[in-house]
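Common to both upcoming complexes is chain A, partnered first by chain B, then by chain C.
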Partner chain A sequence: MIPKVKLLFITVALLLLIQGCWGARETDEMGYILMMGIDKGKENIIRATFQIAVPQPAEGGEAKVATEIIEVEAASLFGAQQLASAFISKHLTLIHNKAVVVSEEIAREGLSKYINPLVRSRELRRTTFLMVAKGKAGEFIEKNKGLIFEKYPSRQLDIFMASADLTGFILKSDIHRFYQGLKSPGQQPTTALVAVQKNKEEQNEEASSRSNEEKTIEEIAYLPGEIPRKGGNKIDLIGQAVFKEDQLVGFLNGKETRYYQMLTGEFKTSIFSFPEPKDPEENLIVMEIRRGRYPEIRVKANGIKTVIEVNLFLEGETLSIQSGKNYEKGKLEKDLEQYISASISQEVTQLIKKTQEEYASDIFGFGEYTRAFFWTWQDWVDYAWLEKYPFCEVKVQTFFNIRRTGMMVKTAPTHF
Partner chain B sequence: MKKELVGHSEAAAFIIIMIGAKAFLGYPRIVTEWGLTAGWLVVLLSGLISIVFWLMIVGVLGRFPGKPLSEIAEVTLGPVLGLGINTFVFLYSIFGTSNHLRLFSEAAILTVLTETPVIILALIFVLTAWLAAYYGIEALFRSAYFSFPFLAIGVALVLLVLYPYYDFKMLLPLTGPGVWPVIKSSFWGTSAFGEVIILAYLVRYFSFKPERLKNVGVFSLSFVMMFFIAITGVYLMVLPVPASSETLVPFYQLSRSIFLGHYFQRVEAVFVIFWTFTAFISIAAGILVGAIILQDTFKLPSYRPLLPALCLLTFSLAFTPLDLIQTVKLEGEVRMSYGWIPTFVLPLLIWAAALILRKGENKTNDS
Partner chain C sequence: MSFFQQLRKKITNLIVFDEGKEQEGFLLVSEKENGDQERQEGKKSKQKEKKKSNKQGKADKNKQFRVKKEAFKKPVRVSKTPLSLAEQREKNKEKNMEKSMKKEPFFPEKLFVSSSLEVNKGYLEKIYSLPKNKDIILREFYIALHPPLKAFVLFIDGLAEKEIINNSILKPLMVLLDEEAKIEGSEIAEYIKEHLLPGHDVQVLEKYQQILDWVNYGGTAIFIEGCAQCLVVETKGWDKRAVGKPEVEQVIMGPHEAFNETLRSNTGLIRKALRNENLITEMVKVGSRNKIDVAIMYLEDLTNPQLIAEVKRRITSIKTDYVGVSGVLEQFIEDEPFRLSPQILTTERPDRVVSFLVEGHVTVIVDGGPQALIVPATLFSLLHSSEDYYLRMPYGNFLRILRVFALFIAILTPSIYVSIVTFHQEMIPTELLLAIAASRATVPFPTIFEVFAMEFAFELIREAGVRVPGVIGNTIGIVGALILGQAAVQAGIVSPILIIIIAITGLASFAIPNYSISFAFRGRRFIFTILAAFFGFFGISGGLFLFLLSLVNMKSFGVPFLAPISPKTKTGPDVVLRGPVWSMEERVDYLDPLERSRQPNISRGWIKNRRGGRAK
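And now, the complex of A and B:
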């Protein structure tokens, strides 16, 4: 009996070794797509842009380029991926794909049909970043080719998204989160917004004519492509795209995105500039604000009206007081805290109103808080929160405390 | 031949893995389809009902100390009806194993070995199961015992590192489809815990006293219930209703969702190892238990000669469903919905018959 068992064991062991042979692919046969763009096609339904990693030569040395960008028109994403094999000597795979960029045009038309294959795919993960490009997705990928600080766009995007925690104006958006917003009766989807930097001539002429107070308040109120700047990568990640159901209905700029993240609890820390309360045209106060606690959100409903109550808990560290006034302690400190609290509450209220009146889209997920009103799922679905959202009353209260004042405890008088 | 005996720890680990293997297939999806946001509540209630059922079944075993359920069925209901019941239980066991064989093979295709023919994967599973079953109950139970901590830690780790997704609001509304549908689903849901009945068929192989069997069953059921609750709860938070009803292999999808920055992502490959190991144990155990039931039913001296035929039967049955969706449907609409009949109702009928016909009383007194 024993030799038979051994024979069986050897057979099984051999079978274990061969089972992967069917799908065997040599590494140099593979073409790893790092970023994928989806645009409307001219000759076919879609135009897919693939940014593919170029492997380093086996004999040593550096490849001339890190990535190659190709565009293919086809009826579907996977069709385009297959068609690319006609002119790319690699088996294209999405297993290392880091981001999917969708053009504004496609997003306005509706993303459902493009999201379905992404969610169903064996190769793509739901943690893949999903972004809407103002303009063409292909152009965004093309312009992002010559990276300054990283070799591959996958690492670049990882760092961009990680920096969202430090700035608040980039939204960490992925397929998973979008899909959740799409499916839930208590919220609407949203994604990060990206664009190519505009030419200098295209920069906003009106911006320069604003008062200093406005400039301070609107310091980061930019959509991508509009930041007045020079150098760096040719693309911007700032702001977010607002969807109603699966259709793009508008954008939020960097400032609004920061307040959005305060409401959803994703906000961690960011630098804010406020006009000096008594002298808004001449001086400003810079404060690093971080989340003190997660926001408290309550939705209260009676037969007549529904009220969304938001309490934000923030903490600050003073980075700059241009006027030299001693806001570090006493009444001035309390005044400053109240002033900043009021400013933030006002901005947040305006943002919620904007999503109610302009977009009629609850991207914050306030509707999820109404789940607790009901015992059964069907009752909650029948409540039809998304129809009620535009008519809700909003009350925002900010609790802001200055915790630290940098390396100074006060500003001594200056004698000119 | 040396008598094979296993201890209570090995038995508990074995039952936990046998029941828990479902978590790696469609179980979280099925319970969230039944209970929507209250899927975790369905698991809790079905677990508790299963414990009650198990305590009742232990009552039957107590009346016939040292006898397996297959023999008790014959003693209580007579050789013809007993044979019928044992054959039915055997067929259910083989049907369940073959369905798992197909599901694990298909899941391997969908996830890691995308190009390998399903028949090859199933063949490897079944040949390994044959080998494991050949080495016997002791080897299999000990394998389960040794792998148990790794599997438990692996599952717990996956659930823990998904913490960025935790949103307890997604578990509301509390009663999902309503109180009555949740209760109804909880009764069906006991099918998921039905493997505990294996203990009743293998009593001869336990080195511990029959009285401890109750504790082994209760501990196994409670442990696996807690794990199922945690898995279903996290699944509902990560992939909330209605998206929770879409995923073919929920736990794999969960492990693919792990993203803790640039250096901690794409960790599902580690999970696949645990997953495949569970599949091997589960399929081998299914075949072995089927063989032991047949051995006891037909009073055979050894179960080993039955193994090749049972492997072939399991393999053939696994490919009876035309496609994956049919297999998923069989698992959800037949095995998970009606599995409680052979696993809990039949033993309880035997118990009722024993009570009415006053069978086994003398032995109870003697013992």
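And now, the complex of A and C:
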């Protein structure tokens, strides 16, 4: 009895050893791809860019290059990954890939044939960031090489994406989000937008012709690469790419991305500048606005007309009142709240109008709210929301309250 | 010529001289009844015997002396002269004869004390191989009666307290005494015991076996001429270690007393802390050669009688020649000798023993070792420390939680490291993986080899630290830390991250309070590491499953090893975490104690609002 049991046990153990999990690979055999770029190729169909980590000893002293960037042309992504073994001594793997950057050119052609392998791959996670680069993806990765604050771009992107909660103008977009937008009859995909910083010295001179009010309102209304700045990383993450089906149709700038996130409920907190209602040219008010509650979105359809109703609930903390007027209390405070509510409502309505008229793409996912009208999935699909979206009526209402006024309860008058 | 032959000669002499009085000379009796009969006969002829033995005393001594001289001379002569074949054959025959005579069975356990002092002496000389055996002292003297009575005391030097022998035996009998001998024969022993000997524990014995037990354990035996009884006096007094601090189970809050190597002081320590007349100490002798005392302690009105019976059954059934310490006895009585986990709790703390006794456990203490065995043991009792109870509940629980983590770290850390680094690299943050990759970049070995090398080195440090002579003990730490940690990394043989892994595993394994189970878990981590190297997390989870099965399958004295949890039994709030002391109302169910309740529902009498004993 007992020998039989022992024999069985040993047999099972040996069988396991024969079959085994011989997929063990040591860390020093592997090349970890941290960022991947997809461009159109010249010799072959695509030109893939891989940024591979070069592990650095902690007590190395001299800061060597932490990553190596290679570009390979091939017919497919995985073909490129394999071909790279011809000149990279490591076994390349995507298990630690943080981001996939797609060039504008490919995005305009249609992304679905590139998304399929990314979603299917065992190595790649769906939480990998997906971004569209204005210009070439390879150039973006190349320019991003000399990192200032971090060692590896994976960490850099993590922090960039985490800062979306504080600014609102970066979209946290991963492969899964894009795939969902692509496959759902109720919404269209969208991704984050990146670009390499351009040299804009000449442009700045003519741009100064705008009025101060306009400048205040358009404070962050930039596409990546166009921010007037100096120093820092050579790349920008701001704004988002709008897709219709799987094709890129246009961009939203930083300001619009912030209002987009208010509508989807992702918006957490951000700093807004408003021209002072009574003196828009001279003074401005800076307000930190955060989400009070998730937005209420209702879609009403009576067969003739479809109305999208949006209620936004926001709360604010005053950061700066340049004029020194007492906007902290009483009627002035109410006026200010109304003014800000109105201007946010107007901006949001404008953004929705823009996606309706210019792009005809429901990136907000309003269509998901129509699903409740139908008994079966097929009915909903037949309803063809995406075709109806451009003709919907939009009503936006903002409920804005000032909760705190910073470290000052009121502004004391200045004596001359 | 052997002493046996001398003895035989003397016996034949005696028989020849005193014809018709063979029975009283000495009694080589194989059965007790027989002996009793003969002793009765002996009593009748006591007076005659007495007179004769007094006269014969000197003559016998001379004879013995002569015989000894002959015995000394003979072999010298024989060895120098060459022998013919026939002579040699004869010689061999003689030798064989001697041998066969030597091998003639001689059972001290069936021997009774003779009334003749010479015969008793002869017996003892044979039993203890006396002139050869140097630490057994046979001191002859005269009891200062009128007329003086010949006697001798027998004790083992080093075991018996010389002060007591000098002041409480020899002095009163030899010096302070000055009275007429009113009593004769066997009653003299009783008389001396009752009137003359000031010892606190004096017994009159007749069987040699009992006398030997006393003498072998530090007692002193007094043999008196003409008395077929022997007086034994308790004179234990060997050099022993004082009650010291615990070496293995140290605590910060709590008593700092530990057992030592003397059984009596150990039982005393327990009795001191558990002042209860129901505390029973039963003594069993184990080991046919060393006949060590094994104390079985329990509370009679509390402990399950079946448990007591089982413990006694197991211990008394042991047939072996030598049981030195509790660790050996543990191996004789444990349920599963081939499993890694211990099934008996070993402790050196009297307070720990007492806390288990009042729960209904049985304690076994072997003389000569500073550890007590507590049965039955469960996994949870092995992982508890006495300090958990001595501290306030939140602090005690903090230690418990810490220990749970330590347990899993000690078992699993190296295996998880191996499987992550070789199989599941996607599991850890990119920066950490790249840090590991960087630290491993210069290492020429596979991860599993590296891990095993370091684990082996760590175990070496531990073992060497225990075995190294105290004088050079300090060097071990320096050698271990410097050479293995710093140098191995600098030489590029191991990666620095691995050093952290090994170090934290080692630390965690030492945070487990019980020495045996710490061993068991440390051993298991090698198994898990191998599984991880072959199968990754799949191997670890399979191994954990088998590990759990083996734990569930084990029993300790009839109690399942995972008792209060699997099988689920009623228990107080003290398994992994512990509740406040006033909430522990019931004893554990798996022991089935005779009294379930430890304290009433409201144990704090001062509470005003008595809702379930909770102050609110």
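We adopt the following convention: the second predicted complex is superposed on the first by the 389 of 416 C-alpha atoms of A that agree within 3 Å, B and C clash if a C-alpha of one lies under 4 Å from a C-alpha of the other, contacts with A are read in each partner's own complex, and residues count from 1 in each chain.
The definition used in the following text is that a residue touches a chain if its C-beta (ideal position, glycine included) is under 8 Å from a C-beta of that chain, and two chains touch if they have at least 3 such contacts.
Small disclaimer: the values here were computed from a predicted structure and weren't measured.
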Looking at the overlay, what does A:Asn116 touch: chain B (first), chain C (second), both, or neither?
neither
Now for A:Gly23: first (chain B), second (chain C), both, or neither, which partner does it touch?
both
Is A:Lys183 contacted by the first partner chain B, the second partner chain C, both or neither?
first
Would you sort A:Arg155 into first (chain B), second (chain C), both or neither based on which partner it touches?
both
As a test of reading the superposition: which chain, chain B or chain C, is in touch with more residues of chain A?
B
Is A:Trp380 touching the first partner chain B, the second partner chain C, both, or neither of them?
first
Kindly classify A:Arg126 by the partners it touches after superposition: chain B alone (first), chain C alone (second), both, or neither?
first
Residues on chain A lying within both footprints (that of chain B and that of chain C)
16, 20-21, 23-24, 125, 155
Residues of chain A that touch chain B when the two form their complex:
5, 8-9, 11-12, 15-16, 19-24, 119, 122, 125-127, 155, 158, 162, 174, 176, 179-180, 183-184, 368-369, 371-372, 374-380
Report the residues of chain A in contact with chain C in the complex, numbered from low to high.
16-17, 20-21, 23-28, 30, 32, 34, 53, 55-58, 93, 95-96, 98, 123, 125, 151-152, 154-155
Chain A-facing residues of chain C, complex:
421-423, 425-426, 430-431, 433-443, 446-447, 496, 533-536, 538-539
For chain B, which residues are in contact with chain A within the complex?
36-37, 110-111, 113-117, 120-121, 123-124, 127-128, 130-131, 134, 167, 169-170, 172-179, 239-243, 246, 253, 256-259, 261-262, 265-266
